[in-house]
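Heads up, the next two complexes both have chain A, just with different partners, chain B and then chain C.
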Partner chain A sequence: MPRRIRLAAAAVGLTALVGSLTAACGGSSSTSSAAAFDAANCTGGTLQVLDQATEDTGLDPAELYTSGGGAIPRLLFRTLTTRDTTAGADGRTVVPDLATDTGEPSANATVWTYHLKSGLKYADGQAITSADIKYGVERSFSSELAGGPPYLRDWLIGGETYQGPYGANPDLASITTPNATTIVFHLRKSEGDFPYLAAETQFAPVPKAEDTGKNYNADPVSSGPYTIQNFTKGKDLILTRNTYWSKSTDSQRLACPDTIDISFGLSATVIDQRLAASVGQDADAITTDTDVDAATLAKAAVQPSLKARLTSGNFPDTTYLAFNTTKAPFNNILVREAFSYAVDRTALVNAEGGSQLATALTTFTPPSIGAAYHPYDYFPAGATGNAAKAKQLLAQAGYPNGLTVQLAYDNNDPQDAAALQQAYAKAGITLKLNPIDDSSYDSVVTNTTTEPALSLFGWGADWPSGAPFLTPIFDGRDIVQGGGNFNLAQYDDPAVEKQIDQINQITDFTKAQQAWGDLDAQLGKLALDVPLYTANDVVLHGSSVKNTYVDQWRGWYDISSVSVK
Partner chain B sequence: MSTAIAAPTDAQAPSADEADKPPVLLARLWARPGGKAALVLVVLLVLAAILAPVLSGLEGQDPNTYHDELLNSATGGSPLGSFGGISSAHWLGVEPTTGRDVFSRLLYGARISLMVAAGATLGQLLLGLLVGLAAGLGNRWIDGLLSRFTDLALALPSLFFSIALLAVVPQTFPRPLLLCLILAGFGWASTARIVRAETLVLRERDYVAAARLYGASTWRVALREILPGLVAPVVTYTALALPGNMVAEAGLSFLGLGVQPPTPSWGQMLSSASTWFEVDPTYVLVPSLTLLLCVLTFTGLGEALRKAADPRSVTR
Partner chain C sequence: MTVFLFRRLLSALAVLLALSILVYGLFYLMPGDPAELACGKRCDVSELAQVRHAMGLDRSIVAQFWTFISSLFVGHSYDTGVGTTWCSAPCLGFSFQSNEPVTQMLLDRLPVDLSLALGSAVLWLALGIGFGLFAALRPNGLRDRMTTLVAMTFSATPLFVLALLLLIVFCVWWQVLPFPTYVPLTQDPGQWFENLLLPWLAIALVTAGNYLRLTRAGVLESLGQDHIRTLRAYGYSERRVVLRHAVRGALPTLATMAAVDIGGVLAGAVFTESMFGLPGLGKLMVDSANNVDLPVVTGITLLAAFLIIAANAVADVLYAVLDPRVRLA
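This part shows the complex of A and B:
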């Protein structure tokens, strides 16, 4: 159940990525500062981070919902596995972190065993044990620490009824720790993607003696290279070195700056302007959550010094037009096909800020997802839409004079709806705009009883794989009555569900991705949605920051790699 | 209007009542050079808004068609060509990221701007007259109650309340009407104060006392005796309030609380232009200067009306 995200994706050589997840070369070519970066001599200084996030719910590893461990949380929490800290396509692969490997699966991928490295310590000098990791996972089941991803509850045996370690039955029997360095997870179904889930903060160790429950989010015990010096929720966070952390057990974090000073709750425009000006302390600044706006790109086009400080990357995400196929007229495939033909993707890409910030998409899975991307374009709309073909299909469907439908959208993002409205008018389709307030948009659209017939929605992957990208959208068993339903088409086909189960049994990641790609290409023929574009991440950094690259797992700077020296 | 213009500016010193009649007021306005200029500009602005479809048609454009071919997609969707893409086809250039025609959007935006400003001002006027007259003519209990109510309305932080209300009311409610209601609902109090003060002066006049002696009802006194005497101050105040409402509407639209896209409005144009000021200054200058011109014109008209209504400044 990944989040609705406007994050990132694409410009990197699209076709080169196809079917080459593991084969792609990992050459890092992204350092944009003038002086060369030297990983052996990068320590020192204070890195400034300018963020929009308010972080007013704190930093409890049980409550955080991250992709691949997040940016700032990954500086504090080490997990069983983590994302590969490198530029390029290799950044989408999973590598061991606390564990010695990415997990040993049983034959059908229902039992996963991990061994911990030796010499692992918390910021207070205590040793990290497998029991602490089990306790960390167990905490995330507690209702007072809700907020993390829902997969664990679905996958672990007994997960659907377990209430966390604070209640009457504190032990989750499906996680066993035969000794202090071994931990075993028993799943109720095959999940070849388990190592990818093990990169999320719920797999960070939490020492039971230090657990303060609801208050743990203000001062969690660190297992990563930094520890919290000062944390004011909603305002700022200052991190200093964890002296017990050792590079010898951690190949994935460079941890160059001595201090990291994070400012929360800034506006996007302010962040963009401060990074562009790069004056004083801002020369040492980056952001972990703000893309540049279209005007900054236009400015960079005539200002080489600004252009040199732009970095781009991918987060696998898709913005699409969602049909509720239980409602007229979208229960008719001809109408859905007409909508697919009439779409003007050029206007949408420009409305999002042009080709650097968005790339038109005709498939549900974006190219940035790797091998699960199989190119197809069953209803070729061309660059700006095929109105004639759409009109013909509408006539066939019984709407010779066109039709009028409402389009629901988040009122914070009106530009896509306005672009669609003018393009569909050419095909005789009148879109009545139905703006819904940002704060209630998700709850209205993802509730099966209130879901509009037509809505604009976005989807991002919790990890770079076809499984979290396709399953919640097309698995009929995931149609949740009431709130939290992401199968917006409300598509329910037992044959497809069987196919999904079969793919989940594949433990060879590349083979599994090929199968997910095949499934996407097969579902595309049903026109259950109109894929519109995938957003690209373009970010700016201060002039003194080195080794900046956008990691291809999340589409943001890898804060554990940058240096200000 | 033509009769008013033709009416001779009388050489005799007019009585206060005579001078305050609208045709005379208009004639005096026309007699002042500033007044003449303001009046002509206001008429032109209103005509431009009413004739928005015709003028856009002359240019050969409409406010909602996207022109992707006029944008450079690789540089954030900025307009091709210089000065924001000004050309013989697009007289004031095109909007970044959409390519919509700025001239058409400006004209159609004027409709929203003028309509909301006029509606809000009219609402303020009616509410202010009602409360002010009732307070001025009622007994001391009614006066006390209404005056404290007016003080309360003046003390409200109207901007915060407007923002909160606009965010809370469902999007299905017609936006221009809502803007009028909110601006009128928070802006009537100063009109009410002026009306009350004028009424308190007028009700002591001999002709009003005479009407009362003849047994005229309070209603009749209010409508036939007091109201005509209020015309000059109220018209002047209204003309000065209108540009204020125009700016308020633009401000609320700037914050994203005004009319919903794709309907154009000046505040929205200013809001989306705000990040573009360095790379496409034309796009920022066009709506800013238009708003400035409009506000100046209406303020000038109000100022000229005030002077024309002031008996001390009568030119003999």
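This part shows the complex of A and C:
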């Protein structure tokens, strides 16, 4: 899942002004309530959620593209597996949800079998069956309900040509349901990471009789602890308890609040203001999509009561400088190495708001991915770049007088490009800035026919594993001609592809991650990109919200765990 | 007057048609592809083609435009996958993003802007005309200068800065008002009022300055005219001369401007809606343009154009009523 971090310069300036005003006024935030969190006695109250998202596309489990089931969708949809609901590194583990285990693989990990727990029910009281999960997966192949992750189409036998359950051939034969509690997936290749994919909303059950096609996104049938009481896209979503949900079959959602009231379409600045002030109902508020701004961070540094309400976490993502190695001068490894040496990561981190909000990276996989992170720094640029070494390499490559190249970037995020331009000038590299409109940036860069020689890009893991982090970027078979190509280097090496296939056969997760880490360390030597930084998510919550932690799978609050009592 | 109104209506229809052609045309020149957005990340070429077909975007632009125009008058049926939904006339199509009927989306959001426009207009007219008169009664005196200075300061403040300051002062420091959220008038009039006070104030403070200037200038201009001299000679009090007679000179301009400004807020107050989190047309327009949601963008453009044309027509009528000299035969 590509992810670009936005930081509107204007907004920062503005919030700095406003932040200083509030700071001058002194802390008006209320203090947190006395009683400590107790999971056994946490139910009751209304949790307020303040979000920027407008949720215009609604909540169809087929169309959602989440990581680990997302925040709000996970309150409504149970999936075969899910992320471990816990703070710390264990939060990156996959655990059973509707299923009794995380899946039984065949010897080569091409067949995955799941058994459902007993007593599972939808919010309307109907029993959840394996056929409903098959139907849910099948729906995601329909072009009317496009938008979800691409893996199923690639992995399931016949997935490439299957058109979903609405057409002439409604059945996808590679998913079988021998009985109402068993479901079997037949893959065309080994995929040790299948249990991670099974945590996505496409694996949520959808009762066929209740399917309303494109209209399902407004009123989906819930299998999770909450059900939709009222949903106005662009405005709000009110969730109340699903009385048929039982804690006895669900160890991963505490579901403490009785009601969850989600406000959409708020401005980031206002969300920060409201959470910082925690006035009235806002004391029970949290956000699922808004980082604190620089002004609030500065305020927190001098205000302990505010600092206590800041939580930080990481979504495994990398912002990098992408070379198109099919184009000059980046077909020359010496030029790519020169670019790696000359980079000033300190300037980039500062451009992103400082060390609290971003961490410099010399590896493609960030530390937050867990065991697949193997530290390396083959082209040591130091804190601010090694211009001398870069010049020397450029001279070797035939550019003794430096060179001029265009850098493509999203016009919504100009700060990184400006920082790079300054740093590279020291090494004799003139970067001509090529801003591309935000709405077409991805389609220009990910189209092999229009891809620039040099571009700024970001990549995030769909789940915390090396597979979804490295495969789309470095597997030559993933070079998609036309649109939708994320192998921006257009790197194609059959030996690496064979290695990828071998790692995908490993069903022991720890061993697989070691192998992915080794692969990253091996690919790093080729300087196919310049890793720049990984973003840190720093989030704030209202003063009465308890058990707030950022889950290490997604880097955001786990709102299935919080309590307002 | 009937002929006047009829002519206005005809030209309004022509403008709306021309605008819809323009929006459709511009849409195809705009960067971004709605099918690509709907298809999601790592969507390959064949899948994209299917999605484009499902969205009806693989047809010619003329065919798409014809569907749009005909749906407006006779309605249209749409495939949902499991069946079809009927969109009855005047049908503006379904949103690419939310799959809701655009006509309904606009009707849901119009009350927000209606509330914003009416409340803020009352405030800015009261503030603008009130302080304009206050300033005009003693031109170039201290209170004139102070009033004008304060008004100009507010006029020069960007709305999003003013909005933030108001939020901080009223919601964080004094805590006398809640952080605004839209509550429909029909649901709870008290809450509606309380929540809209700050947005009203923000718009009014930024807008009132112009009205103050116009009132002041109009009144001062009238005061120099012969009939005022005569009235003064008759011995009328200065207060009566200003409030009853001089102010009439400023009214036609004020009415024209108010009609157009109200039309503007009705058609979407982007910054106000964004800063105060109000789900109005302006915010919908920005979000839809970002998501290349053609049916919604077209729908809002047409509605906004209609509202502005209507506001202009009202302005013309008001002008004619207030100033008999411009009345058509």
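We take it that the second predicted complex is superposed on the first by the 530 of 565 C-alpha atoms of A that agree within 3 Å, B and C clash if a C-alpha of one lies under 4 Å from a C-alpha of the other, contacts with A are read in each partner's own complex, and residues count from 1 in each chain.
Simple rule for what comes next: contacts are C-beta pairs under 8 Å (C-beta built on N, C-alpha and C of every residue); 3 or more make two chains touch, one makes a residue touch a chain.
Nothing here was measured: the structure is a model prediction, and the numbers come from that model.
With chain A as the common reference, chain B sits beside chain C without any clash.
In the superposed model, A:483 makes contact with chain C only, not with chain B.
In the superposition on chain A, A:166 makes contact with chain C only, not with chain B. In the superposition on chain A, contact of A:282 is made with chain C only, not with chain B. By the touch criterion defined above, A:437 lies against chain B and chain C together after alignment on the C-alpha atoms of chain A. Contact with neither chain B nor chain C is seen for A:41 once the two complexes are overlaid on the shared chain. In the overlay built on the shared chain, the residue A:269 is in contact with chain B and with chain C. In the superposed model, A:298 makes contact with chain B only, not with chain C. In the superposition on chain A, no contact is made by A:230 with either chain B or chain C. More residues of chain A are in touch with C than with the other of chain B and chain C.
Per the superposed model, the minimal spacing between any CA atom of chain B and any CA atom of chain C is 7 Å.
On chain A, the patch touched by chain B and the patch touched by chain C overlap at residues 269, 437. Against chain B, in their complex, chain A makes its touches with residues 269, 293-302, 344, 346-347, 349-357, 384, 411-412, 414-415, 417-419, 421-423, 433-437.
By the touch rule above, chain A contacts chain C in their complex via residues 1-2, 14, 17-18, 21-22, 25, 28, 54, 56-58, 65, 142-150, 153, 163-164, 166, 211-215, 217-218, 232-235, 263, 265-267, 269-270, 273-274, 277, 279-280, 282, 437-440, 442-443, 472, 480-484, 486.
Put simply, chain C touches chain A in their complex at residues 30-33, 36, 38-45, 47-48, 50-51, 53-54, 79-83, 85, 95, 97-100, 108, 160-161, 164-165, 167-168, 171-173, 175, 178-179, 181-182, 274-277, 279, 283-284, 287, 290-293.
By the touch rule above, chain B contacts chain A in their complex via residues 64-66, 68, 71-78, 96-99, 167, 171, 256, 260-262, 274-276, 278-280.
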